Structure formats: C-alpha cells, structure tokens
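Below are two complexes that have chain A in common, paired first with chain B and then with chain C.
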Partner chain A sequence: MTTFIDYLLGGVSSGAIIALMALAIVLIWRSTRVVNFAQVGQAMFTTYVALTVRDATGNWIIALLAAIAAGAVLGLVVHWLVIRPVKRVDTSGAIIATFGVLISLQALAGMLWGGDTRGYAPPVSNDGIQLAGRIWPFSWYDVLVIGVTIALVIGLTLLFTRTNIGLAMRASAFNPEVARLSGVRVSRSLAYGWILAGMVGAIAGVLVAPTSQVSPNSFDILLVFAFTAAVIGGLDSLVGAVTFGIGTGLVISLVSGYSDSSNAPVVALVLLALNLLLKPDGVFGHHHSRAV
Partner chain B sequence: MKYVLPLTHPLLQTVDVSVKLSGLQILDNVSIGVPEGVVTGLIGPNGAGKTTVFNVMSGFVKPDAGVVRYEGRRLEHIHPHHLTRMGISRTLQGVGLFPSLTALDNVMMGASSKARAGIVAQALAMPWVDRERSRLREQAIAVMTELGVEGEADRFPSELPYPIQKRVALARALVSDPKVLLMDEPAGGIGAADMKDLERLIRSWVPERTVLLVEHHMELVMEVCDLIWVLDAGKVIAAGTPEQVRNDPAVLAAYLGDEGA
Partner chain C sequence: MRNNILPRVVAIGVISAVAVATAGSAGAATPAADPGVSKSEIVIGTTTPLTGPASPGYKDVAPAANAYFTYVNSKGGINGRKIKLVVKDDQYNPALTKKVTSELILSDKIFALYGALGTPTHSAVVADLNRRGIPDIFINTGGVSFDSPKKYPTTFPYFPSYTVEAKVMSYYIQNDATLNAKTKCLMYQEGEFGDNAMAGFNAAGLSFATTTSYFSGQQVAPFTSQVTKLAQANCDLVVFFGVTSATAQLLGTAAKAGFRPTWMVTSVGSDPSVLSGSLGAAANALLAGVYTPSFLVPIQDTTNPYVSQMKAIADANGLPWNFYTYYGINTAYVLAQALKAAGPNLTRAGLIDALQTKAATFRSAAVVPMNISAKSHQGLTGYWMGKYNTSGQVERLTPYIMTATSAASGTAKQATFKPGAPTSKLLP
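And now, the complex of A and B:
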C-alpha cells in the first residue's frame, strides 16, 4: 500500500508538467484548430535559451523569464511564418507542417548547442522530503512545479472568462465569421493563442528540465503524454487538459513502478486509442455540428 | 412613400457589382441602393445572390468589378472587423451564437470594437479594464431588456428556445448601436406571434437606423419594407414599393419559374 501511495505521489509532479504541455496544445487547438506537434520542440528550444541565460547569470528566475519571452516570440514566428501561409491553402497541411517545425527546431538546436545531454539544476532541492520518520518521493521542487501549474491554470481561466481578449479568443475559435462581424480582429486573436501557448510550453520546458535533462530530443516523450492528455480531455477544454495531464502522470508512474518505465508510452497510446474508439470527442469535449 | 429610381443619395449602395465564384456568375452588374432611415428589402428566389450582396457589403467577398459606397466612402475592400466601428451591423442566417458563452457574454461580444483596453492592461487587470467591462455589460443588458431577453442573461444558447436565441443574436447586432443593420433572414424558423413582434421591432428602429433585410417570408417583407429590390440569377429584375413589386410581371415570373423548376 505504501508503495502504491509512493508511486501516486511520484506521478503528481510529472503529471503537472504533462498538464502544462497539454494546456499549450489545447490553447493552439482552441484558437487555430491545429494540433501543434512542434510544441515540445518549441519548449526544448526555449529551455536551451534558459540554459544559456542561466549559465550567464546564474539566476533560475531570470532564465525562466527569458524562456517565457523566447516562447512568446517563437510561437508568434511559427504562426506567422509557417502556419498562417500553409493554413490558407489547407488545414491538415498545417498539422503536417508542425512536424516540419519540430524537426527543424531539433536540427537547429543541435547546431546551436550541440547534441549532448545537458543537466539543469533545480532551484530548490529535488530530494524527497523527510517527514514522519521516512523519506517521501516528493520534493520541494515538486511543490514548486505544482504551485506554478495551479497558478497558471487559474490565470488562464481568468483570462478566458473575465477579459474581453479572452472572450474574443474564444469567439474567434468557435465562429470566425461571427467574431469578425462583432468587431473582433480574428487574426490577432489567433496570434495571441500561439503566443500564450508558446509561453506556457516554455514554462513546462524549464520545469521538466531538471528531471528529463536537456537535449534536442529529450522532450519527445513528453509530446506523446501531453498529446494523449489533451485529446482525452477533449482538445477544447483547459480543465480536461489539466485533469488528464495529471491523470496521465499518475498512470505513467504506476506503470513504471509496477512494471518498467519503457512500458509507459505504450500504455499512454493504448489509452489514447481506447478513448478515440469509445469517446472520440474526448471526455470534456463537446460535439460541434456546423450549420450550413 | 415613393422612390424615384435610381435613388439620388442612398446611404449604402452597390454600383455595378459583379462576383464570380468558381466559374459561376453569382452577381452580374448589381446596383442597389439603401436610402437612409427606412427599411429596404432584398428578395429573390433561392440562389439569386442575396447573401452574396451582404457578403460584398460586409467585406467577406471581394467583388470582381464594381464598388460599394457607404456615406461617400468605398467599402468593397473593408475588413469585416471594421464594420461595427463604421456603424454597420450584420446578422447571419440562423443564429451563430457562441455555444460556450452565456447569452450576456454573447451580446457583449457585439461591443468588441468599443473595447479599448489592450492585452497588457487586461493581463494586469488594470482598474479601467473593469470599469470598461461593466460599462459594456450595462449596455448589453439595456439592449437585452429592449428585446425582452434580459432574464436569459446567464443561460447558455443551447438552453434557450430558437426564437429567443434569435433575439439574443439580434441584441448582439444592436449593442454596438449601429446606424445600418443588415439582417439575413431574421424571420427564419420563428412562429407567427414572434413574427408580429419582429415586425414591430424593425419598424421601431426607423428612421433612427437604416435597415436592409434579406427575407423569404413575403408577408413580413411586404409589411415592413418601404422599398424592395428583387434579384434573380444574379441580376436586379425589379425594384419599388411593396405594391409595385407585388404586381411586377418579371417578379411573378421569377418566383413562379422558381416553383416550377
């Protein structure tokens, strides 16, 4: 029983990071109706930016802020240079194009920073907290990760429900034509979606770096888990992304604990396949029929 | 009221507008005028090109030839999101409400062009952002009250009967206080009692507002319009008062031919 609880505890913080990455995927889906497979590539790239800034300043927070800024810029650049022109011709082409962006970013990162795996020291201890006579598989760093995730989810929820820009973004996603007639600059709303997603992805990248290390490909597996969580959550739902992000983290931790960590991606993909068979719109998704 | 055609100073007009979409001539030298302060109707059999006229006027379709004039300005290359700021509001066929927003939020969306606060101010939750939002909210509630749907403010569109959804959509079009309302089939899918309300409502807007409506429901068109344009197969075939249009042989032929087809 203690082992079971230990595995669950171990899964919460990796679940929080999966949740953040899933949130980034959902933000772009909501604004542009494109699944951005490049999201982990963008996060990898901005984490290298953070690494560089940290080497120069020695400050974790400044490095995080640099990554967030780089994430915003990179999100906007990918949207403007790749997605917008391609999507004008073909929506599914834009989804394929995100794979192209992922591969390009990985190649570019390899050229700029080399292919070696680099460590990323956490700002607070990543060792298990000692409490009630034993060491728990839960560190102060995990507390930080979960705290940041909760703060981001609250912030995004307020943005989408309480501000005009949030409403405009939702309106642009649901019905661009009506949104335009209501005076919404839809192209700007889409750009905000990519910028926000870039920033959230950048935070996820910096947070996951101490446990995953940093290399051009080290976040690839995060894509599998985040994509699974986002799709099961309904792709449209922030709540869904967070719930199933954390859920995926727990499942992975249990699977890795009781069998072997190499089984975790397979289990995630099986869950994804089951979900697509049984509830294709996702658990928190709505089915939107379009009027002609 | 009698109209001497062509009109001398229409508020909104298309001049020789032609539109070709995927090889088909949708509009062929269409010139129609909308005089200020009255209700103008645009009718015609299915596929006549009525909605395309609206799309050209609101910037969704660029004409291959011809111009659109509004208050002396050219309109054919306008971006749709600038329309409300210029005092033009358009409703779409059906309702087009945003499903995950409450009725009130849907109506508030219609005032988007009046929102001034930028994204930084909103992200930092500056005090003037709240003041602006509560001002927009008051305007939205006022318009909803005018249309008798203020009680549904917190409901989602899927919880509302269709005629009420149409009123909410109408409130969204009115909240920007437009000078011109372009209404695409306002009577579609609503019953006789609501139709009478709609008639009264539309008449109550003139002469403060100018209305152009596309409508299939002939009774409503004949009742509310001061001036009617008739399109058939992308061409203007008749124009005039309801009586003139009703008795025009070309109009009868177009409609009967449509039914015979």
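And now, the complex of A and C:
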C-alpha cells in the first residue's frame, strides 16, 4: 500500500510541474489562438535570467520577480517581432514561427550562458517529509509548487471571467474582427495575452528548475507532456490543463512503477489518441459555445 | 562488311592497351594521394555535440583535441605535416550527423574522421564511411556494434564497450564479500546503451533482485517511481547505467526519499565537474562513496607525467581540466602517434595498417592494454575500480585492472598492466 501511495505522491509532484507549463500553453491559446511551441524556450530563457539575478543577489524572491519581468518583456518582444507580422499572413504560419523562436532562444541561451547544466537550489527544503516513522516522497517544495499552481489557476480564471481586460482578451482571440467592431483594441489585447503567458511561463520555469536542471534544452521534454495535458484538457481550459497536467504525472509515475518506464510515453500517447478520437474538443473544452 | 571488322577490333585493342599502359605507368610513378593529405597538411574531421541537450561535458572533447594538435603543429607537426582539425556540431542529432559528415567528406575533403561522438549519431554514418574507405578513428562511444572489423574495417573504437564495463562491475562485486552480500539492483537507460550493459551482466552471471529503467529525457522530472521501486525492494547496492544528467537526478531523488544504498555508476555517467554543476554544493556529499570504474590515470594525480603535461596543454588553451578535456587530449595524442607510425608516405590504408599492427607501442594515459589487430578493433580492454572521496575525486581502489571482451559470453578477469612512460614532451 505504501508503494502505491509513494507512486501517487511522486506522480502528483512531477505532475504539478507539467501542469504549470500546460497552463502557459493554454494561456497563449486562449488569448491569441496560437499554440506556442516556444513556451518552454521562453521559460528556459527567463530561468537563466533568474539564475543570473540569484547568483548576484542570493535572493529567491528577487530572482523570481526578475524572471517574471523578463517573461513579460520576452512575451511582448516575441509577439511584436515575430507573431504579429507573421500572423497577418495566417495562423499556421505563426505556429511554425514559434518553433523558430524556440530554436533561436536555445541558441541564444547557449551563447550567453553556455551549454553546461546548472543546478537551481529550491527556496524551501526538497527533502521528503518525515511522518509516521517513514520518509514520504513529498516535500515542502512540492507543497509550494502545488500551492502556486492552484493560486495561478484561481487568479487567471478570475482575470478572464471577472475583468474587462479578460473579456477583451477572450473576444480578441476568439473573433478579432467582431471584437474590433465592438471597440476592443485587439492588438493591445493580444499583446496582453503574450505578456501574461510569458509571466506564467517564467514562474513555471523557476519552479521547475530545482527538480530538473537548467540548460538550453532541459525543458524540451516537458513541452511534450505539457502539450499532451493541454490538449486533453481542451486547450482553452485552465482547470483542464492543471487536472490533466497532474494526471499525466500520475500516469508516468504509475506506469513506470508497475511496469517499465519505456511504456510511460506510449501510454500517454494512447490516452492522447483516445481522447482525440472520443472527445476531440478535450474533456474541459467549450466547443459548443463557440459553434454559434 | 566482313573486311571492316578486323581494323575495328585492332583499333579497339590498341586503344585499350594504350589506356591500360597509361593508367599503369601513372599509378607507378605518382600514387594517387588520398584526399586530405598534402605535403604540408593532414585534414581530420570530427562530429560532436557542441550545443544541444547532450553537450554538457561532451562539448569540451573536440576543443581539447584541437589544443593538442595545435601544440604538435607548433613543434613541427607530424612527418612535416600540420594537422588541421575540422570540428562540426551535430547536436547529438543523427540527421545532423549525416549532413555534417557529408560536408566533411565532400567539401572539407577529410583524410580521416576522428572522435565522432555518440552511438545513435555514429550509427547513421558508419556504413557510408566504411564504404568510402575513410578511416574512422577512436569513436567516442562504447557501443558494442562498432567493434566489427569484418563489417566496419575502417572503424576503430577507443574506450571499452559498455559490455566490458558491466562485466568488470560484475567481477568486482562478485569478488567483494561485502558488496556481494548486499541486495543488488540495477537501473539502466533504455536502448542500446542499457542493452549492451545487460549483455555484460548476463554473461557474468550477476543477477539483480530488481531492475528498473528510464527513457532518455525522462530525467527532467524526478525519478520518484524508480526510486520507490528500488527502495521497496530493499536494495542496498544499486548499479546505475545512465548519462550524467540522469545520475544527478537519481542521486537527488534518492536523497529526497531518504533512500541511501551503495551506488555504483558507469564511467560515462559520473563526471564530478558536470555533476556539481547541476547538484550544486550537495554534489560532493552525494557522490562520496559512489563506486565508478575508470581506465585512465586518476585525473587529480598531477604528479603523473601524462596528467601534468596534458593539464598544461589544457591550461595553456584556457580549457577547463575535467574528464572530457583529459580524454580529448589523450585520444588526440594516440591518433598523432598512429599518424606518425603510418610513415611519411601517408595513406588511408597505411594508417589503418599502422593501427592494426603497431597499437601496442602507442603510449597514452590509459592504464589498461589496447587491443587492436586485423581481427579485433576492440580498443581499450578494461578498467580499474574507483570510489568517490568527499572532495569529489575518484580514488583508485584496485591496484590491479580487470579486462574482458565485448562478446556476449565470458567474464572479466584480473590482470596487471604497466603502461609505458609518455614520449618526450608528449610529442608523437
């Protein structure tokens, strides 16, 4: 029984990280209708910024704030320099352009910080919590990551549903022309979306760093899992991204534990395929409201 | 009509005879030189990940080799020729390896390929290199399949294969009463890397209480399920066959779970400078007591004439002093000796012949014998066993070495080997 609980706890803690990255992908989709493959690249880049600031100041919070600020600027730069000009032509071009951004950022990070793997110490203990005479594979750091994830989902949901900016962003993404006719400054709303996603991605990067490592490519595989989670969750649902982010973590953990780790990506892909066959809009997707 | 045939036959005969004679005389007078060799230069190519996920550590190898060649060139080169090393970045991506290797062959017109890095990457080009007869010297992979003179006559591995390493680990464990009494478990990387190791453990008859694995790339998330499995099986000796970044993740995850077995880690997965980069200050504490095999003179042994001179070359070129720079300079040194041994009339066939007949005379920082002949291209044949101390250095435990072959059967055996002293000023 303890084995099963250990697998569950391990799955939840790695799933929370996948969830955070999935959140950033969903955010861009929701506010600009572009799937941003550069998300992990932006997060990697801002994590390097955080690492530099942290080396200089020794302060985790200041480093996090620096990463968030860098994420906002980087999001805006990517939007203005790449996506906006390309998207005038068509959306699929913009999606492919995000791949270009990913490769450019990885190359740039390699030039600025080198290709070596760097560690990122957590702000609170990442040692398993000792309870009832044994050490459980769940740390205070995991609690922090899950807490931040939940806070972000609530905050972002409120932003999208209860504020004018959120409404304008949704309208601009869903139908720019109608939004423009209704007096929404579409270009500005799209920029807000990129800024916001850049900030969330930056938080994700800084939180992922202690349990992975920081190098120009170290978040690449996260993109695969985060993308899976985002798609199964419906691509535009924040709750869906988090639920299936954690779900993906659980599947990897349980499958690796009870069978072979090589089966984990296969099971994840089978689930993705089944999902696309049975419920192509995602479990938490809102297809019908858009079909009107 | 009939009358016309004879003159034609005669004409064709005369033309053919002249053609054959001309070709023959040309060949005898000035042998057609192989590409990449002139009176003043030898062009050598290499493919390696300078960027990308596999680059940490590995990116230091080629610059270190280049530093050694620059040093040799400054002392007059080899048989009057300077070595030019063309380094191509393949990012550990087989598709890119194909592309940059073609560039090396077709536009850089290399004489030989040296130090190509990676099993999947080199698998993509090895057949083509052999088909073209291009010497493929000291590849940086322990993949067993490359040691096959029949299939790949121009390919020469350098470091011992993963099968040899697994046999050596098994021998050490089976002959150490304390280690052998422990509950032994294995974790490995899926794919040829892990398969080669498994072949070695099976041949040695070392059985494990439980085995677990990870897929390449999985190490970005903690290895919680693997560690849980190992801890639940009460493993107190865990053998690990994986890359360095995975070792870091495994040691970190195990520490988090309070799981503290004795570890034994593959030689290619435990460079302390790379591990301390990712594990930070905790690296030395986590590494202390970890067993790992090695085949070179310990890197911290700066009183050794190989280590001191190779470190001086790295230092003079502003390179870090780690396993990868050490290794890069060392194999470049052996290649230089092979080129010298091939004689002033340098040809590809001559280089291959020199490797197959004179390898035993080549000096290097390796403390195990090198086995290269027309029948076997194994390269280095064994290891000594070491253990990390609290300052992140591997200390040699066995005065003896353990040698084995890459075959699917047979075990490692104890051996002694006294390596020769370096050549004067480390020049070929």
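Points worth noting:
Definition applied: the second predicted complex is superposed on the first by the 279 of 292 C-alpha atoms of A that agree within 3 Å, B and C clash if a C-alpha of one lies under 4 Å from a C-alpha of the other, contacts with A are read in each partner's own complex, and residues count from 1 in each chain.
Following the convention adopted for this analysis, contacts are C-beta pairs under 8 Å (C-beta built on N, C-alpha and C of every residue); 3 or more make two chains touch, one makes a residue touch a chain.
Just so it is clear, the structure is predicted and the values come from calculations on it, not from any experiment.
Within the superposed three-chain model, A:Tyr192 lies in touch with chain B and out of touch with chain C [touch as defined at top].
Applying the stated contact rule after C-alpha superposition, one finds that A:Pro123 touches neither chain B nor chain C. Contacts of A:Pro216 after superposition: chain C is touched, whereas chain B is not reached. By the document's definition of touching, of the two partners only chain C reaches A:Ser139; chain B does not.
Of the two partner chains, neither chain B nor chain C is touched by A:Gly93. After overlaying the two complexes on the shared chain, residue contacts for A:Val184 are found with chain B alone; chain C is out of touch. Between chain B and chain C, it is C that contacts the larger number of residues in chain A. Judged by the touch definition given at the top, the superposed model places A:Asp6 against chain C, while chain B stays out of reach.
Interface residues of chain A facing chain B in the complex, by the touch rule stated above, are 159, 163-168, 170-171, 174-175, 177-186, 192, 286, 288, 291.
Touching chain A in their complex are the following residues of chain B: 58, 60, 79-85, 89-90, 92-94, 96, 98-101, 105, 108-115, 117, 119, 122-123, 129, 132-133, 136, 172-173, 176. Those residues of chain C lying in contact with chain A across their complex are 50-53, 55-57, 59, 190, 212-215, 217-222, 224-229, 231-232, 245, 248-249, 253, 255-258, 274, 277-281. Residues 2-3, 6-7, 9-11, 13-14, 17-18, 106-107, 110, 115-119, 121, 126-128, 130, 135, 137, 139, 208, 211-213, 215-222, 249, 252-254, 256-257, 260-262, 264-265 of chain A are the ones touching chain C in the complex.
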